[in-house]
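First chain A sits with chain B, and in the next complex the same chain sits with chain C.
Take a look at the complex of A and B:
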């Protein structure tokens, strides 16, 4: 571990303290940690004084950070560990750095690199996007290819799915995203400070609290802002309400996908009730405008506490009842059981996070491993079913709804009415680095900020859990019927815009 | 005269009955559901629209909906609705009817393949496979009815002293036939648990995916064809279920359409309390219906004297 600097979640460290290794040592260090069960939290490139550098944040039960200088090409890490796969492609796309020996070298989001240099994927970005990619193909007379998207039948986001099938059986699924690339990371590096939280909320609309919490914590750490206890309670409740609302919406959608209508209708309504609770808490159904650097914009008063706790008491048995309806119906279980299985070993090898990971038996939960806000004082959740199939992912989410409800009930009486001090301007510490991790509803969200000598944001890196988990969806389809794709997809329910940034 | 009236009533009422299914499903889901006349509005809307044709399709694509709708309509012409004599009938018409239905499906499949879409090809393959299996059940039922009544036309099945219904001589055996026919009805009309008519997910669809490219009047014809077909199967079931032959033709008609409505409602109930089967379980489900009818045939053979 000499090659790493151990850091805490949201701990500000001087950039000078981060090890600056020769590339070979850096590579070996990362690979050996990855082989010992370490997972990648962040792995990205940035430009510093005309030189490209790599920076990696790894996690075991602790967080480790290390860096190195990198030339135009380097020896790919993916060849030895699949955990680095998409990260290396992203580095190639953003800074034009070639990973030699990468097994599947193609762009991630289809945009010219930041450096303005030659493109390492030999793309001509003047051309229209759709379809113009080399795809993984399977040859054979009876093999057929099914292309879905980027425009879909439902009101969902754009993404292209390419299936290689033999009859109804799927050999391989390749997922190509990037249609919603907005350049979020670059925006963070250029806009004025007061716009940062507004943009963070829109990284992924269903993870508003998750992303804005990460950003606020990172800025608080770099600017030395303190958050009072009351604000922490509100933030934690907001994050848990977001989790419940999304889990409920998805369990309803899962049941609709197998044509079991009643729970879908009930959960459609109940999800709205939880969104309304978020509105009572923060003034907006989707948690917009609540979390800001320094605290929260709304105090949790006595009236709100009573409204929320009364409504929770009313909704909790309803949710249990509808869940019973889903998980005790034989025809539904026949569809969920042993569908879209991702093995524990595969999940480990690609670093699944969130409920998708926990459903495969990876117990990682950022709320437990790297607690922020009030999580250190709250009990953790246990998952009964970890077979890695659709049923497990559904069951884990059901358990998380219960767990989150308990946490909210515990936290509500701890509210305090002291308003937060929300500075309009702040000064970030110069030459510093911070990594912020939170367990949003989908899994581990992480933001990284590097500041320059003047305290300006030099590099802002965002990672949504979807960045890890899309690969999990592709794996879950292996040897599965193509007609079960929508069900598998919904059981993961990953973010397109969170991935595309 | 009564036959013409019964036929007209059936054609007019066919679009309303599927709305009954939607109402029942909505009731289970705690919703209001669409109005009972929704399908009439839909058809009027569709006929007012124009059709869009892909440049990669040929005349076959436009032929599909027309043939599909006509063949479904012909089924009703030959069926003794509400106990009246059918408009047309001849010895052996059952064979022609089921093959006419096959013809309709053949053209729907051709039209789907004509679009060269990977989805529609997949749906066509599923539809062809599942309906082939269902055909086995249908013909087993016809063989059975021939053994019972010695005839091969719908009129003779359901009229006269030896009519096929649960009140008759073979009532107990017909119970199994009813279950088998119900399964075939769900299969042939793309209902849950075989198919989901309400889904928007192309990859899971069977019938719906084949008609994705049809629009306007073409789509209206397809919808009408589907409603007539569902009515035909419910009428078939209703005739077997109904042991009464009332003297008053009006009462008889009301009784018939009452039972038909109950069958539609039962479809709504089935769709509300079951999820769809996984695709690889569907063949087993359909073959269960064949096994049931085959078992009945064995029972009638009186192998043990």
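Take a look at the complex of A and C:
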């Protein structure tokens, strides 16, 4: 491990302490860690004094960071380990750096690179997405192609899907995203400090708390701000309420996708009740305006504690009953069981995170491995079913609703009426680096900040769990019936905007 | 089967009586901001400087609801002496200028186009387009189909095909990668058609204003008929706007 610097979650480190390896050594070090079970948390490029550099954060049960200088082309790591696949394509798209020998070289979000240099995907950005990219096709007498999107049939975000099918069976699903690209990372590097939390909250609206926690913690670390215990309790409760609301909404939608309507109607309404609890906490159903660097803007008073506690007591049995209705219905289980299976080996190879990973038997949970806020003092969840299918993903989410409810009930009496945070100016430490990781409802969210000599943000990198998990959705469709796509899709429920940034 | 019946009885009837009966939202909810007109200019200036959305005009003291994300910063900074966020969620307007406000909006029902009421008052089908939205606007629009709001009882539906729609409901700052899809979806809707901009993003770019990767303002692409402010708009804000504009 000489080639890495071991860091803690949210620990400020001097950039000078991060190893600066020759590229070949960097490549070998990352690959060797990946082959020993290490996973990629962050792997990105940035420009420093006219020279492109790479930086990687890897995790085992610890966090490791390392870096190197990179030329215009380099020998792809993906050729030896699929864990790097999407990261290398992103590096190519953002900085025009070519990964030689990459097995699936295509754009990620479809935008010109930051340097304004030659495009490594040979796209002309005057053309509409997807530019010059020929989709992967399968040829044969009865093989056909189904194209869906970007505008889908419901009220959902845009993305393009290509299914290569033989009759009803799907050989291959290719997912092209990028329609939601808003330039989040570049905004973070250019806008004034007061806009940072507002943009962080809208990276992925359903993960408002997850992303704003990452950003706040990263800024707190670099600016040396301390957060009081009361604020930590509020933040943890808010993150768990976000998790419950999303899990409940999706379990209802899964039931709807197999044409079992009553649970969908009940969970549709009950999800709103949990959003309203977040509104009681912070004045907004998605937790907007609640988490800010240095703490939270609203305290958890006696009134809020009682309202939340009473509502949870009312809702918990209802949720149990509706879940029982879903998971004891033979018609539901017949559709959930052994549908959309991702094997443990595949999940490991592509680095699935969150409940999708846990449903495949990858136990990683950032709340346990790299705890922030109150998580070090809270018990972990155990997963009963890890077969990698729709039923496992549903079951893990059912278990997590129970687990999160218990955590909130444990935390509510621990509230402390310490002052809420007032808007403050902060100064980030110069020439520093921090990586922040939180287990949001979909899985591992991570933000990285690199500051320059003046303490300004030189590079801001965001990674939503969907960045890992979209590949999992594509794999789950292999050799499945195309009519099971909605079911598989909803069992992952990935973020388009979180991926597209 | 027994479980279905037991759950049905437990769930009961949950549909809201709004708009026949008013709904009081929790006092922490940040709805329509109310401006204290005679507060010191220095305080207005401080709030305007701090506002991340540049939504406060220091001369007229108006707040631009098309830019505001209702973060509550100005209320905290001024301790309620310049701005106070009320629990009033009825904020839809038919005109962009009306969104610049001191806390009072013209009655939406009187400003809607009369032929829209005649055409769509009994049946309105909308095609939703997410164009760079963060999925919060989308989620809180989708929620209108749940039993509490039960949008369909008003004859309003979100449909799958633009060919079946009477108009479009757009969320997001119109990412450049969605510009063409927004225009072709709009073209596929038969005339006469309505255009609804929902959320700060589609009205002004929202949190993403200034980004090179977004168009930032739906009105610059297609003339907008109805504006629904918020980040995201509360489902009741959307419901109120739809009912008052079309009914």
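Annotations for the structure displayed:
Here is the rule we use: the second predicted complex is superposed on the first by the 494 of 501 C-alpha atoms of A that agree within 3 Å, B and C clash if a C-alpha of one lies under 4 Å from a C-alpha of the other, contacts with A are read in each partner's own complex, and residues count from 1 in each chain.
Following the convention adopted for this analysis, a contact is a pair of C-beta atoms (placed from the backbone, for glycine too) under 8 Å apart; a residue touches a chain by one contact, two chains touch by 3 or more.
Quick caveat: nothing in here was measured; it's all calculated off a predicted structure.
Aligning the two structures on chain A places chain B and chain C side by side, free of any clash. By the touch criterion defined above, A:429 reaches neither chain B nor chain C. Of the two partner chains placed around the shared chain by superposition, chain B and chain C are both touched by A:265. Touched residues of chain A were counted for both chain B and chain C, and C has more of them. In the superposition on chain A, contact of A:79 is made with neither chain B nor chain C. By the touch criterion defined above, A:412 lies against neither chain B nor chain C after alignment on the C-alpha atoms of chain A.
By the touch criterion defined above, A:154 lies against chain B and chain C together after alignment on the C-alpha atoms of chain A.
Of the two partner chains, chain C is the only one that A:283 touches; chain B does not reach it. Looking at the shared chain after the overlay, A:299 reaches neither chain B nor chain C. Here the smallest spacing between CA atoms of chain B and those of chain C, following superposition, is 6 Å.
Comparing the two interfaces of chain A, the one with chain B and the one with chain C have residues 153-154, 262, 265-266, 269, 329 in common. Chain B contributes residues 25, 28-31, 118-119, 121-122, 125, 192-193, 196, 198-204, 271-281 to its touches with chain A in the complex. Within the complex, the chain A residues that touch chain B are 144-148, 153-154, 167-168, 255, 257-262, 264-266, 269, 329, 331-332, 334-335, 339, 481-487.
The touching residues of chain A, when paired with chain C in their complex, are 109-111, 128-129, 150-151, 153-158, 178-184, 186-187, 191-192, 194-195, 197-199, 201-206, 208, 249, 262-263, 265-266, 268-269, 271-272, 276, 279-286, 288-289, 297-298, 307, 318, 321-322, 324-325, 328-329, 422-423, 495-497, 500. Residues of chain C that touch chain A in their complex: 3-4, 6-8, 10-11, 14, 25-26, 28-30, 50-53, 69-73, 76-77, 85, 128-143, 145-148, 158, 160-161, 172-173, 175-178, 180-181, 185, 201, 206-208, 210-214, 231-232, 234-235.
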